Structure formats: C-alpha cells, structure tokens
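I am attaching a structure below and will ask some questions about it afterwards.
Each chain carries a letter (A, B, C and D) given by its place in the written order, and its residues are counted from 1.
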Amino acid sequence: DYTLYFFAALGSFLVVYIALPLLVILAKQASDFDMLLRALHDAYVIEALRNSLLTATATALIALLFGVPLGYVLARKEFPGKSLVQALVDVPIVIPHSVVGIMLLVTFSNAILDSYTGIIAAMLFVSAPFAINAARDGFLAVDEGLEHVARTLGASRLRAFFSVALPMAFPAIASGAIMTWARAISEVGAILIVAYYPKTAQVLVMEYFNNYGLRSSRPISVILIVMSLTVFVILR
Amino acid sequence: MLEVKSVSKDWKEFRLREISFDVSEGEHFIILGPSGAGKTVLLEIIAGIIEPDAGRILLNGEDITHWPPERRGLTYIPQNYALFPHMSVFDNIAFGLRLRRVPRAEIERKVKEIAEVLGIAHLLHRKPKTLSGGESQRVAIARALVVEPELLLMDEPFANLDVQTRSKLLGEMKRWRRELGFTALHVTHSFEEAVSLGDRVGVMLDGRLVQTGSVRDVFSRPASEEVARFLGFENIIEGTAEGRVLRSNGVEIELPAEVRGRVRVGLRPEDIILSLGPIRTSARNEFKALVESVEELGPLVRVHLRIGGLHLRAFITRSSMLEMGITKGREVYVSFKASALHVF
Amino acid sequence: DYTLYFFAALGSFLVVYIALPLLVILAKQASDFDMLLRALHDAYVIEALRNSLLTATATALIALLFGVPLGYVLARKEFPGKSLVQALVDVPIVIPHSVVGIMLLVTFSNAILDSYTGIIAAMLFVSAPFAINAARDGFLAVDEGLEHVARTLGASRLRAFFSVALPMAFPAIASGAIMTWARAISEVGAILIVAYYPKTAQVLVMEYFNNYGLRSSRPISVILIVMSLTVFVILR
Amino acid sequence: MLEVKSVSKDWKEFRLREISFDVSEGEHFIILGPSGAGKTVLLEIIAGIIEPDAGRILLNGEDITHWPPERRGLTYIPQNYALFPHMSVFDNIAFGLRLRRVPRAEIERKVKEIAEVLGIAHLLHRKPKTLSGGESQRVAIARALVVEPELLLMDEPFANLDVQTRSKLLGEMKRWRRELGFTALHVTHSFEEAVSLGDRVGVMLDGRLVQTGSVRDVFSRPASEEVARFLGFENIIEGTAEGRVLRSNGVEIELPAEVRGRVRVGLRPEDIILSLGPIRTSARNEFKALVESVEELGPLVRVHLRIGGLHLRAFITRSSMLEMGITKGREVYVSFKASALHVF
C-alpha cells in the first residue's frame, strides 16, 4: 500500500530525528570512556547530580502530597469554577521557562533566590500538572461504587479513600510521580533564573559547555540521559 | 422497620416523585420496574449515597435521611457487585468486620461461617477477578451479610448471571434468608424474581411507585392502565359499552360481562389468535385485520395489526410467522375470546 | 463532608501556587505601565519577539508536516517495533533541556550553531511529541469504517485520507499544533546551548535579568505570558 | 456474477472456513446467521477491506481477490451506515460520482434523481447527524447506488431502526430494487428480512456456510441438526425408534411415522404445552416433568424441563408463568402432538 509507505517514510524523519541524537551522543561517549570516568570522579559533578536528584525527588513528593488530594477532588466532585481550576492546572505547560523563573522571583523574591527552595519552587511550578492530572485520571478510573459500598460497610469517607480509592489508583499515581520527577529534573530555564546556585547537574551541563566546551559537558549529559531513560523504561 | 416517606429527587435523567412505602422486619420486599424507572436512584437514596430533594427515610423509627452511609447500619449490593479487586475474597468479606474492630479470631470465625453457608469457603484466598458471576454474587452477599445489617439493599442481584446460575441462586436465596434471617429490599425488572422471592412487591414506573401489595394481588388486579400495560396488557381498548357489546373505532367487540358507558378493556397480545382463513366459533370475537409491521423478539414475533381504526398487537412464534408467511401488508384473521378481555 | 473539604484545602495550595505568580506579575506590571510601553518600543525586544514567533511557528509547521503522517501510520497500522516507536516519540519529554542542546550540537555541530536552524532544531526536538500524539489520537477517533466506505466508493487510500480522515481529525490536529507551538516557544535550556543568537524573547528575558535585573526582564515576561495565555484560551 | 470460492480467514475472534457461494445478476441474496458467526468479516473480504487467508473471489468471471476496494466496482454499507459526518447529504451522495469525474451538471441530476426515488430529496442540504435512523439508511443506500455498482453489499441494514421505520423500509427496499434493478448481498440475523427480501438465503453458523437455497427450502428442510437448532428446533431428542415409538433416556415418545434404528427428532419449544394437571387425549405425548429453571425473554418465558433423563425447553408467555406459578422445582405436565415432531 503505497500511501502508507509514503506516510511511514515521511514520519520516520521525526523518529530518526529523535533517535539519532540519542544514539550519536551515546556512541561518541562510548569511544571516549576516559572522559566519562573522569566526570564520575569530579566532586563538582557528583555534588550537582546529588542536588538534581534530591530536588527532583523532593519536588515529586511535594507534588504528590498536594496533587493527590487535588486530583481526588477533581475526579469526584463537581463545584463552581471547576473548569477554571482544570485549566489553571495546565497553564504551566505553556509558559516559557525563563518567564516562569521571573514570575516566581517577582512573587517570592529573596525567599527562593539561589537556594534549594528556589530550585524546588521552579521544578514544582513546571511539574505539578503531571502529578495532578495523573492522580485525577487514576481516581476517575476507580469505580466510585466501590467507595460507596465501602461506606455502607461502615467506612468513613477518609477510610474509604485510604482502603479503596488510593490503593486502586496507585499504579496511575506512581507513574504520574515518575513523570513529575522526570519533568522536574529536565527543567533548566526557570532554575537558571531562580537558583543558579546550589548547582544542579542540568545547569552544570550548561556551565561546562560555556566554560570548557562541548567535550567537557558531554559526560554529564550522558549520565543524565541514562538516568532519564532508565526512569522512562520503568514507567512503561 | 424501614419507612420511606414522600421521597422526591431529580438526579441526572431520573425524577423520583413522592415515593412512600415501608418494609417490615424479616420481609423480602421487591421493587419491580422497567429499566430507567429510577430504581437504582431510590436504592442509593436509602443507602445514603445520594441525598433526596424532599421526603424522609426512617429506620426503626429514627430519621436517618441526613445520616452518612456508614452510620445507617444497612448494606448495599450494587448491580456489578463492586467487589474490591485489590483484596482477596477473605479480605472482601472481612472488610466490614475490621472496620468494627472485631477481634481477629472472631473475624476468622465469622467469615468462615458465612462462607460455609454461601458455599464459597473454597474461594477465600482468591482474587475477585478470578471468580465467575455466580461466585462474585455470593461473595458480595457474604460481605454484606457478615456485618449483620438491619436491612440488605440489592440492585438487580441476578441480572448479570446466566440462566442456570441465576435459577440456582434464586433457590438458594430463599434458603439463606431462612438460615440467616435478614430483611431485604431488592429492585429488579424481572417478574420471575418478584414471583419467587417477593413477600410484597411495589411496581415502579417512571419515577413513581404506582402500586404496592402482595405479589398475587398486584399481578391479578393492576390498579391502573399503566400498571396493566407493564404487566403485559399491551392492548388497551377504549370505547362505549352497551351491555355485552363494546364499540371502539367502528369495531364491535363482545365483552365477558354487562357494562355501560365509557370503559377501557385490556387484552394480552398472546391471547390473540391469528389465522389465514376465518375460524368462526360462537364464543369468539373475530375480525379481518391488516398486518402493519412485525417485530422480532428472539423466538417470538410481535405483530402490529389494524382492524378499521383499531390498532392491536399480537404475539406469535417465529415459526408460525414463517409458516403463515406473515409480513407487512398481509390480510389475516384475528380472534380472541370474550373472556380474555379484562375490564378496568 | 470534612474529608473532601480537607482534601480541597490541601489541593488548593497547588492551585494557588500556580495562580499566584501569574496574578502577581500581571498586577505588578499593571502598576508599572511605563516600563511595559518602553519595552514595546525597544527594537531589541520586538526583534526577539519576532524571532520567537517565527521559529515557533516554523517548528509547529515542520512538526505537522512530518507528525501528521506518522500519527496516521501509528493510528492505522500494526507493525513490528511499533511500541518502540511509540516509546521513542515520548522520550524528549524526559530529557533535561540543556542535555537536549548538547545532544543536538554533538550530532549536528556547526550546521545548527547560532542560527535560526538551531533554534528550530531545539524546539522541534522538544515539541514534536505533542504534534505526533495529537495526530495519532485524532486519527484513532475517526471510525476507520468511513475510510473503508470511501474506498469502496472509488477513492484511493490517499484520497480517502484527504477527503475523510484528515478533515475529521482536523480539530484534534489543530489543537495539537497549538500545543506544539506553545511548547516550542516555552523552550529555553536547549536554545541557550544551541543558539544564543539569533536572540529569542525567552532568552532575552534571561539576558535582561542577568544584565539589568528583575524590573527590566518583567515587561517581556508579561508580554510572553499574555501571548501564551491567549493561545491557551484559544486551545480550550 | 459474484462467485466466492473456498474463502477462509482467521480474523480476531472469527474463523471463516471454506466459504463458497455465488450470487446471480439481479438477485437479492441473504446470509442469515447469529451474531458472531463472522458475517461482517465475510462482507469485508468481498468488499476488499480484509484480505482472505485462502480462497478466491470472482466478479463477472474476473479474479478480484487481491484488488483494492476502489477497483472492484461494488459498494458497501456497514451496519452504522458510515455517513461522512463533515459533508452534507448531497456531498455524501455525490462523493462516488465526483471521484469518477462526472460533470457537475450530471452529478446534480443523478443525485436529485436517486434522492427522489429514495424519498430524501428534501434532506440534501442537511448534515448526517441531524438525520433519523431511517433517513440515514436511505442516504447510505443512495450514496451506494448512485454510482451504479455491480453489487451492493449491506451489513445488517435494518438492525438499528425502530419497528415502524424498519417495516416501512423493508417494503420500500423491494420497490427500489424493482425501480433501480441492482444486485444485493445482505447479511442479517433477522428471519423477517430473509423471508421478505431474500430470493435465496445462506445460513452461516460459526464461520461456515452450512446451507444455501431458496428461503422456503431452507426453512422447511434444515440440512443438519445445527441448522434445525438455529431455525428454532431447540429440542433435539436422540433415541432408538421401533415403529411409531421412540425410546430416549427411558422415556417413550410417539412418533408421527414408522421409523427404525437410531434417530433424532426435533421439537419446537412453542409446540410444547404445559399444564398443572393431566390433560390426556389420544393424539398427545404427555409426561410429568420437573421445572429446572425459567428464563425470561421479554414477554416470553423459556422453561427448562426434565422428564426422567430427558431435558426439554418450552416457551410459555409471562402471564401464563405468573398464573400457573411456574418456578424452579415445580412439577408440571408436558404434552405435545406426535405431528409436532420432525424426524431428521
């Protein structure tokens, strides 16, 4: 069927465009293994990786803590202004990342400047939608009748939530948490503005590139790619 | 023990209107109605899942209208049984007991006991999704009964089962009620369930409870035309009676008794006999009729007929349709006994 | 129902956290209208906005050109490796943005450095998933039977695509194109590495912030926010 | 004109097995089978949407098995009609003509002409989603016929319509075929459609075409037990015949004719009469039976009965069930005429 082959040929441009840079950087780094090892012994790199992991994990936990209840309310309750809240939740996706940084600084100023709080603030703003939407979709997929039955059997609403809704929505929420984490660790633009220090790995990539060139920034990039892909494979 | 007083509710496309009835201790009360009548909404109002717009619900004299479901002391089995898929059968049944902080050994004993009665003792370690429809229903009943509720609410409990399982469980339900002695309120569209389980039955049509009484009473003396229609009198003929003759749309029909004035009579479609030629006998009403359309209902066919200005519906079997070659536009003879007519 | 109120209270933290910075920056700028007007007369700002709009639009068009055929193939055809392609399409979402820049430079080096091509290359990598997934979902929602009937009436597969599938999936594809555009214009991290010049507005925000401070970067931020929100409202 | 030769296909849960039949010029051929028999898959293979695993399809002597749908010159109406929702009714009907580069004025004339015949001339400017079921079906037929196809394929064309519309369109279909003179192949589960439209009928069961012939032939002389079952002989009794007596599972049944050896006889459930007391007459087989279960089929009830080791199914109406109080475990009398038995 020629039409489909033609479409597949067109479409494979994008597939190759996404796959090629991944393969090229991994292949080039494999032939320059020394540099990778050196990066893994660079205290500065390790510190930055630690910062990235720590802040992304903290962000994912905070997003869950507040996003799961919000997702539950959005899934179970009709209220005036609900569609506005739904829309607002998706807003961070469309705002330029540098502008997110400016917005946060304008609002919270010194409370977040150049601190772990700042990194987390920036990450939370851009990644919270993933946690909220995943939780909402997870709860929507749980038959509300199960909670009703739990209640007629004597469970309070809170108890029904913890013994029925939450365990059943758990897989969806967990994958939402991973996406939140991945989005958080991918953020650069907002962090550059809010908190250049403490240095995160994704910012260090940029700094090494600016100060020492492409070859120096490549090993950290590869480490981050491997981390992200690992998480992504777990998610699937 | 349960009193429902003038309950009204608008909920999605359903409108409950001034529903009142009561269920006595130990009774099996059945609400019978077609789908879309609002039966589930009524059950969810009694269970405390939905709040009524108006009216009150009393349980043992206490007004529970605004109580949350967990305080009411009644249990509810929805149509899909709503077993907790992430728990074993044992944990499903034990759920209500654990909430009541019953000691562990006591839970073990009670679950085993009821599982024994319901014949699911061998399933306790299984997950709900591995169960058949009939097994799921038993587990749902066990889970609801093990907490010894004041009242058991069931929504179409036999609707999702195959014929054999259904028939078996209908029989066992009677035995369980004798052995465990619970009170049940059960909504269904099945006449069979009403006949075999119901102590009393309420007919619910279009959001209103139109007739309540013993099963035999309701089925033999429908209180209104719409109940009659629901119970199978698809033909309601309106006309003027003079003695034993009813005139309707230019057709003269012989009545089973003497009546005078405007009357309505009911006639079941299965009491109408179709034939290709006349089969006149003394006791019959017989007319020439035109087939307007035929409607296949599985092995049965509903034939829409016109006699002058009078429309009638008759049932024949599919094989009769094939043998007689009945299709739209065909002329046939229609006959029915005067005694098949019910004067309202 | 106390549980739901408690959940709503918890959840509203995130809603406020997203809404507050938006309101604060708009409110502050409203009280500093001069600065906004000055920004709108700054040739440098106008040039950067023009660059952002141009590159984001070009990116969205390229993503559509290749993403729509790919989406169609993914919606209509089973083939070995399909799930790998599906996964690959989503990979750009989880890669840190600065790493995306490094990957692209490592792969294409000078061909994209500091050029419009580079900006578009970075934008395309991060935003193509939106176009592909929207097209796929759009085509999945079109009853394949309609295309079959079109074919028995004499249409070739290509003709059936253009006269039935494409017009029916158009709303989904259009909203995917808007999301692609919004994601493209929001990108900063990858562009900073690949193409600091020609200057885009989202990079200029950062430059003004670094060189002249928060007050100077705010007006451009507000202009970008208004643009993004407008597009977002159109989308809903 | 259409010849289907040994077509086989495994497709999702369907398995077509060696299907062969042919349709002559001008004929209305009906494939009758229960849902799940694979009727739609067969139609899609003929239309060119699915490729068969084996077998050939010939149209006017040419092998079209591997041709794409657009070259075959036949048109297909799926069960949901598949009107193009983004086009007006006019554009839907004109779709095939435009692809054939028919001049604009000619398109206008042809669309108007067929819309006139099908009674949809007033709908030409409307969008499909504003049409009723019956109107949609007419538009789909117009769109398929306006290109003057060699053969029109229809998948359950009347299944989504209400009784009145269905009955009307069944009648009109005959008229359209007289006026427009097309050849049609039509799959359905409806006996009524087979009787009123079919010149010939093929019975399709479980992926195989088990009997083909004129409508009267197939219905009066089922070729096998499974066709008999599908046509309504739900009771197939196997036993040993000696003259006019059939012994089966310890029960003696009187036969309509003399037979010897192992035989199977068919009995329709509606030919069985149930009563609470014996009603012995000379011409009847009468037995005491136990009700095993009852199954509600709308206004009809299927009663599963056991006579010793023999299982039978009988139909009675719902009101008879209520009046006689028939439930599981009840003892009833079963009778049927010897002449109701069909010996295969």
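We take it that contacts are C-beta pairs under 8 Å (C-beta built on N, C-alpha and C of every residue); 3 or more make two chains touch, one makes a residue touch a chain.
Heads up on the chains, UniProt names are B, D = Molybdate/tungstate import ATP-binding protein WtpC.
Keep in mind the model is a prediction, meaning the values are calculated, not measured.
Mean C-alpha positions place chain A and chain C at a centre distance of 16 Å. Rounded to whole angstrom units, the spacing between the C-alpha centres of chain C and chain D is 53.
Chain B and chain C, compared by their mean Cα positions, are separated by 56 Å.
Residues of chain A found to touch two or more other chains are 156-157.
If the chains shown are joined wherever they touch, the resulting network closes on itself as one ring, and no chain has more or fewer than two partners. Here the chains touching each other pair up as A-B, A-C, B-D, C-D. Looking at the complex, you find that chain B touches chain D at residues 163-164, 166-168, 170-171, 190-192, 195-196, 219, 231-232, 234, 268-270, 292-302, 304, 315, 317-322, 325, 327-329. Residues 1-4, 6-8, 10-15, 17-22, 24-25, 28, 63, 65-67, 69-74, 76-77, 85, 87-108, 124-125, 128, 132, 156-158, 161, 179, 182-183, 185-189, 192-193, 201-203, 205-206, 209, 214, 217-218, 221, 224-225, 228-229, 231-232, 236 of chain C are the ones touching chain A in the complex.
Contact residues of chain B toward chain A in the complex are 44, 47-49, 68-70, 72, 74-78, 80, 82, 84-86, 95-96, 99-100, 143-144, 147, 153.
Residue ranges of chain A in contact with chain B, taken from their complex: 143, 145-146, 148-157, 159, 163-164, 167-168.
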